[in-house]
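Next come two complexes, and both contain chain A; in the first it sits with chain B, in the second with chain C.
Entry: the complex of A and B
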């Protein structure tokens, strides 16, 4: 039998059933493997795709990565409805059920500790973008631009005018970037104070995200599910309507960004 | 009740979490394929390959 076990998450036993139609990364339905009072949510995946070599190749294939990530997320999402899952990293694969059991035994205490910490909590993602283009558009919609209208003005402007425009444009961009960065700092401070915990992800590459503007804050916040509405309202309230700054909220996510290192960091507010 | 805009989750947001977050399990039974460095390297390759095709948004200020 050339099938491996793909593990999505570890959680405590839960009562509600998962959706009957739910499928995992290779189309097989996820199952619960109970061991030592913990549950690993696993599905069967073909060795031809998930053994080390083929997986290494697949991870460089954006279409494959997308499909796998979405399928993984779908299972985690379904789990989030019925319990607080501790999500594992993408593509955590074992040879068989006994490999999964051994892993649970080895990490039992750490799993329980993190599950206790995350119980009832969800993750919200907040991103701030600097958008000089939007600000410029708002600007030029109001006041007329140097050199007349854009079409005929283009040929008419002198080299000096052109350079001056470029300089002003560059300065305006820097200005907006600085404003956005300062705004992001203040927002992060407020949201961190509200949240149980926070993590900063690397700003996203615009070419990969397809988002307009420059990502200046990419943060995750751990928030009790019960306080989520309040958190969302807080983000809404803090949203700056200034042209050139955009705030994006994603979630609720399972606490992906807060499973890290199994460290028992003391809960100290900076 | 605040209405939160629900769009399809963006792939980058998902990868931020699935490749940089989540519990990393490495034991001798695992195939050691969830190795962070491996995935990061592959993702970097991916990003630079995307970058080659898509001109920088800052490069075309006219």
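Entry: the complex of A and C
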């Protein structure tokens, strides 16, 4: 069976060892391929799964995609602990080591430039959710305690009551939205002032993320590793405990969102 | 450099990170390099669907000026507008039922 080379990331030589148990996308341990003073982190993958046709078919399979994405991310995570990796997009595959070396040579300057810029930095993800349902639940629980005769939508007897309730409900939702949006704006302003760089991503859909509420801010912040503790504390301090607003922090990630200038690179044919 | 010791414990990352967070990064961010095996991820139907799913359809947010992500006509599906239209229709119906009763009450 022929083996192909799957490349996870490019980085500078690092001294610490990777976790001994670390495995890559097809179960093989990732290895370092050094060329021109740069390192490509690669593992061998079977051609039966990673040649163009089988790979295309696999990518249509959500289970395979999930497992592969997690394995890819696990290697990037391990690298992030010991160095500053430039993460490559999922499924970057070469025929052999010489193909990987050619790729490094062709982009050597760009790799060094981005590595210089990102050296010692990690990415933190911050999301803000608006949860009008949570706020309503809190409200109606309160109303129920105060007056036993508090009318609910179902029991509304008069049309006027019904309309008033609908209006209040709509207003409460608008209110949560306004609050969450304003809060997200302020939070982003503070966090981007602290961070070296920031990116605003499209909000995530609850159908895929499984998170409750509506995602109103999905941002990534580039933060020096050494300042990460302070950044996390800053997020914690700024968190709003108001019902209806939730803040979620993820990381540290490799600087995935900050490798953008690579897109401008001209395509170099071998 | 003793960087690992300075790094706080990971937050919801690795095994427990939500799939959307991971897919968003490994499929949509990071460096794109054409390898020897050439696959355009955007040609993969499932991936395109999944990437679309990651992106929420938030008309409301746009209304309120939170439109800092890329414009995508496919995403402004008008779900929120439909919801408002439905509520409006419901309220009008309700009003129509109430008004005759009110007129009778007010008649001398």
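The rule we apply is simple: the second predicted complex is superposed on the first by the 237 of 270 C-alpha atoms of A that agree within 3 Å, B and C clash if a C-alpha of one lies under 4 Å from a C-alpha of the other, contacts with A are read in each partner's own complex, and residues count from 1 in each chain.
Here is the rule we go by: contacts are C-beta pairs under 8 Å (C-beta built on N, C-alpha and C of every residue); 3 or more make two chains touch, one makes a residue touch a chain.
Quantities reported herein were computed from a predicted structural model and do not represent experimental measurements.
K.L.:
Consider chain A as the common anchor and indicate whether chain B and chain C clash or fit when overlaid.
P.N.:
clash
K.L.:
Figure out whether A:159 sits in contact with chain B (first) or chain C (second), or with both, or with neither.
P.N.:
Only chain C; A:159 stays clear of chain B.
K.L.:
Hey, is it chain B or chain C that touches more of chain A?
P.N.:
It is C that touches the greater number of chain A residues.
K.L.:
Under the stated touch criterion, which partner chain does A:236 make contact with: chain B (first), chain C (second), both, or neither?
P.N.:
After superposing on A, A:236 lies in contact with chain B but is clear of chain C.
K.L.:
If the shared chain A is used to align the two complexes, which stretch of chain C, 23-31, 59-67, 77-85 or 95-103, clashes with chain B?
P.N.:
Of the stretches 23-31, 59-67, 77-85 or 95-103 of chain C, only 23-31 runs into chain B after superposition.
K.L.:
Return the residues of chain A at which the contacts from chain B and from chain C coincide.
P.N.:
Touching chain B in the first complex and chain C in the second, residues 4, 7, 10, 50-52, 55-56, 59-60, 62, 65-66, 69-70, 72-73, 86-95, 99, 103, 107, 125, 166, 201-202, 204-211, 218, 229, 232, 249-250, 253, 256-257, 259, 262 of chain A appear in both lists.
K.L.:
In their shared complex, at which residues does chain B touch chain A?
P.N.:
Those in contact with chain A are residues 1-2, 4-5, 9-25, 27, 29-34, 36, 38-39, 42-43, 45-47, 50-51, 54, 56-57, 61.
K.L.:
Okay, in this complex, where on chain C does chain A touch?
P.N.:
1, 3-4, 6-8, 10-15, 17-27, 29-39, 41, 43-47, 50, 53-58, 60-61, 64-66, 68-70, 87, 91, 94-95, 97-98
K.L.:
Considering the complex alone, what residue numbers of chain A touch chain B?
P.N.:
Going by the criterion above, the answer is residues 4, 7, 10, 50-52, 55-56, 59-60, 62, 65-66, 69-70, 72-73, 86-95, 99, 102-103, 106-107, 114, 123, 125, 166, 169, 201-202, 204-212, 218, 220, 229, 232-233, 236, 249-250, 253, 256-260, 262.
K.L.:
Show which residues of chain A lie in contact with chain C when the two form their complex.
P.N.:
The touching residues are 4, 7, 10, 16, 50-52, 55-56, 59-62, 65-66, 69-70, 72-74, 76-77, 81-82, 86-95, 99, 103, 107, 120, 122, 125, 159, 162-163, 166, 170, 177-178, 181, 184, 200-211, 214-218, 225-226, 228-229, 232, 248-254, 256-257, 259, 262-263, 267.
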